[in-house]
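Each of the next two complexes has subunit A plus one other chain: subunit B in the first, subunit C in the second.
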Partner chain A sequence: MTSNLEGTEPPVIAEVRDLRVHFGSKRGRVHAVDGVGFQIRDGEMLGLVGETGCGKSVTGRAFLNLIPQPPAIIAGGEVLFRPRGGAACPACAGSGCHACGQTGGETLDLLKLPQDRMRQIRGARIAMIFQDPGKALNPTLTIGVQMAEVFLQHKSDELLQDAGISADDRNLAANALRRIAHQEDRWLDRRLKRFPPLRQAAGRIQQALDARVAAALAETQIANPLRVMRAYPHELSGGMRQRVMIAQALACDPDLIIADEPTTALDVTIQARILELIKTLQERHRTAVLYISHDLSLVRKVCDRVAVMYAGRVAEVGTVSDVFSNPRHPYTQGLLAAVPRAGARRGHLASIPGSVPELVNPTPGCRFADRCSQVMPACTQLDPVLGSVGEGHSVACFLEHPPHAGAAKIEKALTE
Partner chain B sequence: MQLRDYIIRRLLILPILIFGVSVIVFTLTRIGGSPIGVYLSHEMNAEEVAALEERFHLNEPLYTQYWYWLKAALSGDFGYSGVASAPVAEVFWPKFAATMELSIFSAAVAVTLGLWLGVFAGTRRNKWQDHVTRVVAVSGASLPLFWFGIILLIVFWANLGWFPVGRSNAEIWASIAHPTGFYIVDSILAGSWQGLVDALWHLTLPAITLGFGAVAIITRMMRSALVEELQQDYVDAARAKGLPERLVLNRHAKRNALVPTVTVIGLTIAFLMQGAIAAEIIYRWPGLGRWMASAVVRGDQATIMTYVLFTSVLFLFANLIVDIIYAKLDPRVRLGD
Partner chain C sequence: MMQPPKTDSTVAMKAGDTLLSVRNLNKHFPIKDGILQKVVGQVRAVDGVSFDIRRGETVGLVGESGCGKTTLSQCVAGLTDPTSGEILFNTGQGSQLGDGDRIDKLPKDRYRTFRRNVQMVFQDNFASLNPRQLVVDIIGRPLKVYREASGSDLTERVVALLEQVGLGRQHLYRYPHQFSGGQRQRISIARALALDPELIILDEPTSALDVSVQAQILNLLGDLQKERQLAYLFVTHDLGVVRHMADRMITMYLGKVVEQGPTETVFQQPAHPYTEALLAAKPDLADDPDKPFALLEGTIPDPARPPLGCRFHTRCPRVTPSCGWEIDDIVRFLEADESLFQSLQGVERRSARDADLIFKDPASAVALQEAMKSSSVPEAMRAATERLTVEGSRLRATFSEVDEVQLTERGPEHFAACKLDHLSR
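Take a look at the complex of A and B:
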């Protein structure tokens, strides 16, 4: 995707605005995410790159409101989301206005959403693929049971319909089956479902469920879905497990998938296959994907746009072709210089001296200042903010956007 | 491997284990003293002693002695108890049932309460409820059973008079048949409310005394296991599917936290059976405890053998149940991983 003409770009479906997530620790407040902002457009794959510990995972988890509080403190910002086919925008009643990015759809602030609304979004509208599928699957439940949970949670009405239980049925048996399908079954329901007349209907629900699970697994090119459904996670290979996680994420055809380093924990030989699979499925379903990675070469391969993070902030954001052919932030330039180095330690950059700064009670100033070869006096006093350097290409660096006059005065006063 | 196959395999090993235990127990008992010690007196002459030795086959090798013992035991003859002045088999069951009722009741309450408290504290990590539970659990694990029991006795029996000692009210129990020897079961079989209340009332103090330590250990284990499970990725993955916290906890975290806890429960049951002796002595509970205490002091070998054998077998069964639950909870166990 090269720079799009205004108006032909797909609408923004998710946006992070000035997100600040801090962690309380013994040494002080860790500013893990400290003013992150970017947009995700419908159907695009946005890469989020940066060294280990720069706040990528925390940012990604914010989309699902899965940041553990405590230790985390949401110190500010918004994570906005516009589900496809959601309710109408209250400002324009669906005709399209500035507030809804001309989509006419409702905009939700995911960090302020009540728990039960958030749960309707999790797994259905926004799904997540975790870094290590060996840890993200419950070791004591079969794949089939774990996959089924997504459908039971979000598609139970369809399942009941498939099983021929209409919403008007209000007899005891139908109520019990409805509770089973909604995962609100009581002890008695679980006993009764083994006996007629519930047994047949419960069997039909199970069949409808199994069919959906098998279809979802088949889509990720799992050859023998029925066998995999009966297996426990430890009986599968790492690549197979990640296919299961991908199938699970795609199960309800979400609008947005957060993929947090989905190939990092895998065997090198299958990383490329999984990456390709994610790309293929993303294109087929037109799902937006936030692809988190510390590996620029992967992002270059599959993403449309990329946001480069450094120490809890976005340093540069733009289309993959702009950022890779014309990196403007010294940190991005350093990252790119480090790309094809085989054998370098994971997430560690040989070409930039120094390491990611401690994010405990940071002072104002560019976070990259102590590693930057072009550091200026202003850099250690003032925070650079993202500013445009071209169509859809922004950089937070004083080399591109010198501090304004007022700030320069302060700086002068400080240096004298 | 299916769970059923696993259970069958374990059941088949059980007789071999029991046989092994009986050999060890027999050998240790014989090393500990002579079986005729309890019958000897200063008035006996050498011939009488020799006759006793003859009767107990003491002139023959140990394995022959064991063989005689095994043959008798299999036919229900566990020897003669010098302390009770009666065949062991006759006096054993009522006392055994009394001890078992106390132990099983304490264990059931301790497991239920311990698991509940562990979940209660684990889901409220570092909140005040967690701290209070921790204090209770630490005291439960560190207070000596004997001392704690006596305090309860002084307060609730001697001073307040809220709870009785002993096992039952003689008047009520004279009117009820005792087919099992377990008073809770007997009173239910007889349909006697009064009897059931009486049995539970008598059980309360000794069960608290006996179960407190187990509650403490199970609570601590369940809490820390749950806290650990709740930090695993699969818990977040379950939340990311949209599951309500109730299911995240019940279907995922709690179930997996049970895996290590169940092992600990198996061990605490062994402690419980040992502690039963002390609790019985404090509360005048007519179980094996006091009988065993005198039997050990006076070298009543038939009694000691029977007691140790039965508790070992019980322990094996308790462990079998624990292992089956363990295998049911964790597929990696039964799938031989």
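Take a look at the complex of A and C:
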């Protein structure tokens, strides 16, 4: 299941550093995401698990700059992304340095990127699979038309080439077709489109487009792509809609896919098929996937590494086998014990007492302190930070890292 | 603590006897079409279901969405009237359930006894708690309706109920929106407990909750059952929860029961391929993580036109020639093939298993004939084909007749509706 077969770690493709997203509310500032940090390596599947309201979806959406501001306030942090085959790193000119994680590629801070650059990345380099395909697909457009938008947005030059219009053609007809393919057509272009030879060329563009859409749908094992392309979302079953969403996400062969609970709205049998599909496509394309879920057993099944979030912070990160067989954070332990499983039948499930704390103007200290069975005085005064407990396995808990280990940090916290 | 309410049903009874019996229950919904809203078909949401619930036991009801499990639970709760069939409820009149115990024929006073003894907890606790009422009114309402308590006595009873579900006096005068999902589900449970019922129907009570909250609710339900000898009908699609909670489980597929039996037996030796597939599709934390998913082909067929024979035969990985192959299976096969489906002009049925398929051109008919003989259709379907002849652009196909599948006994209290005697692994 591990992604590094050759022994060399694949490069870090995306990284979240100390991300803080707050929401303004009547009662004060809700610290929904409060200092989250993790790395995603190229071609790996990272699971992000946690309960409702722990900030996992907001973290996922930060990758696509899809957090509405207001009400959200991005209070700090960076979401770094290194596209494959991007421009050279400005610091070392491609030779590999600390700033670019030895990849030599440029590093983008997605939160500070201008809107037009973000549009080029969204859908092409980072794609998203949403939880409810019934809501994420446009009910007024056929599947073919909304799938075509992805290609028109990101692949229009290749479409023009497929239709036999090279980039050097600068005559009236080619310019008109170029505007049509780039979705920038004016009324005159639409009139011109009716006359040959433009009509033929526009037809060729449409054909190339249809072929690409059909191929993308066929890749997600849709039996009859042409029929699905003519259908509206409501005519398809839930599993089919989720396949369309996956086809749309994979259409431009992205480097990173954010899958936000992709199977929660589906039945178990369909869920198994969709997961299998995501897993095989991910392995075939070597795409990195951030898999957001609340279902621990699914994450264990499909992911390589897992980050457990609690109340806006990462409690534990590590490989799936480490975290599930040897959980070190009391919250992870409680969460795993709460899942009904074979063998432990009819007894009492170990439940975590209490409920998730309110995140309005939180006080310093571990967020889990008031539900934790092993709480210590330090837990209510200091913020634990993620510290290593093994190879690639980190935990934010004072049980593993007693407060005196990081004396400087405590002094700072006490003086503030 | 609450005083035991005095009802007819609290007369001496022994645990384990049948509390509720469902016999050959059908619920069909008409499909209406046209200006005159003529009935053009029936969706058989529940089709010939029979089972018993004993006092103090938990029966799990599992299946995919659209299999009729919610409709069945609503029939049992008396919220919808079944099309045909009987639901018998022991209102404490005699030991043996008989025709006089049919809930649609009960006299008014015994019907009230039935209603107070069968309560329901719904999945969506946002929709099932009135947002304009205070908790004290929500939980106190059943007590008021049945004239069990009033005034300060009522408030005390509500407080006792709240304490039983892990809430307290401080929650009396709050509105549902002021609570978290888990707390709202506790309020729903307190309301269901108010009249001290014998059976609670739990319709996906934890599917909207997080794992740690789900564990709290499941523990609460377990404690209450022990304390009060409650019977539960636990409707869910989460097999892990069923395994944890249920004594017996019933698997439904497209309105029919395909398997029922003691939970542990069914989990260890499923006798129906559908149950087997459901169990394999749900990863468990105790499993080997590298075990591959067992995948099920296709989606649930249209319940308005369920497949003949075994309804699962369109998706079954262990399908046999005698599972009920029919003309609609050819149509389903054609739907996956764009060009052949486009050239299909019509189907002339002699019966469900014998029909002419009319194509635009003879070539398509021959192409289908070839496809039907090749490995692109399941082997069992080829073996079940009796006739496959082409005359011009018409293809005549006939499948062999088979009997309906019935639930047969596989072990003590373990029944399954499958042609196969046992599933080899």
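Here is the rule we go by: the second predicted complex is superposed on the first by the 386 of 416 C-alpha atoms of A that agree within 3 Å, B and C clash if a C-alpha of one lies under 4 Å from a C-alpha of the other, contacts with A are read in each partner's own complex, and residues count from 1 in each chain.
FYI, a contact is a pair of C-beta atoms (placed from the backbone, for glycine too) under 8 Å apart; a residue touches a chain by one contact, two chains touch by 3 or more.
This is a predicted model, so every value here is computed, not measured.
By the touch criterion stated above, A:Glu51 is placed in contact with subunit C alone, subunit B being left untouched. Shared-chain residue A:Val150: touches subunit B; no touch with subunit C. By the touch criterion defined above, A:Leu188 reaches neither subunit B nor subunit C.
Of the two partner chains placed around the shared chain by superposition, subunit C is the only one that A:Gln271 touches, whereas subunit B remains out of contact.
Judged by the touch definition given at the top, the superposed model places A:Leu226 against subunit C, while subunit B stays out of reach. When the shared chain is aligned, subunit C comes close enough to touch A:Phe324, but subunit B does not. When the two structures are aligned on the shared chain, A:Ala215 is found in touch with neither subunit B nor subunit C. Comparing subunit B with subunit C, more residues of subunit A are touched by C.
Shared-chain residue A:Met128: touches subunit B; no touch with subunit C.
For the contact definition in use here, the subunit B contact set and the subunit C contact set of subunit A share no residue.
Subunit A contributes residues 61, 64, 66, 119-124, 127-128, 130, 132, 135-142, 149-150, 153-154, 183, 232, 234-235, 245, 248 to its touches with subunit B in the complex. Against subunit C, in their complex, subunit A makes its touches with residues 1, 51-52, 223-224, 226-227, 237, 239-240, 267-273, 275-276, 294, 296-298, 300-301, 320-321, 324, 334-346, 348-352, 355-356. Across the interface of their complex, subunit A is touched by residues 232-234, 236-244, 247, 251-252, 255-256, 259, 329-332, 335, 337 of subunit B.
Remark: subunit C residues 64-65, 180-183, 210-216, 218-219, 222, 237, 239-241, 243-245, 264, 267, 277-278, 280-287, 289-290, 293-296, 299, 335-338, 341 touch subunit A in the complex.
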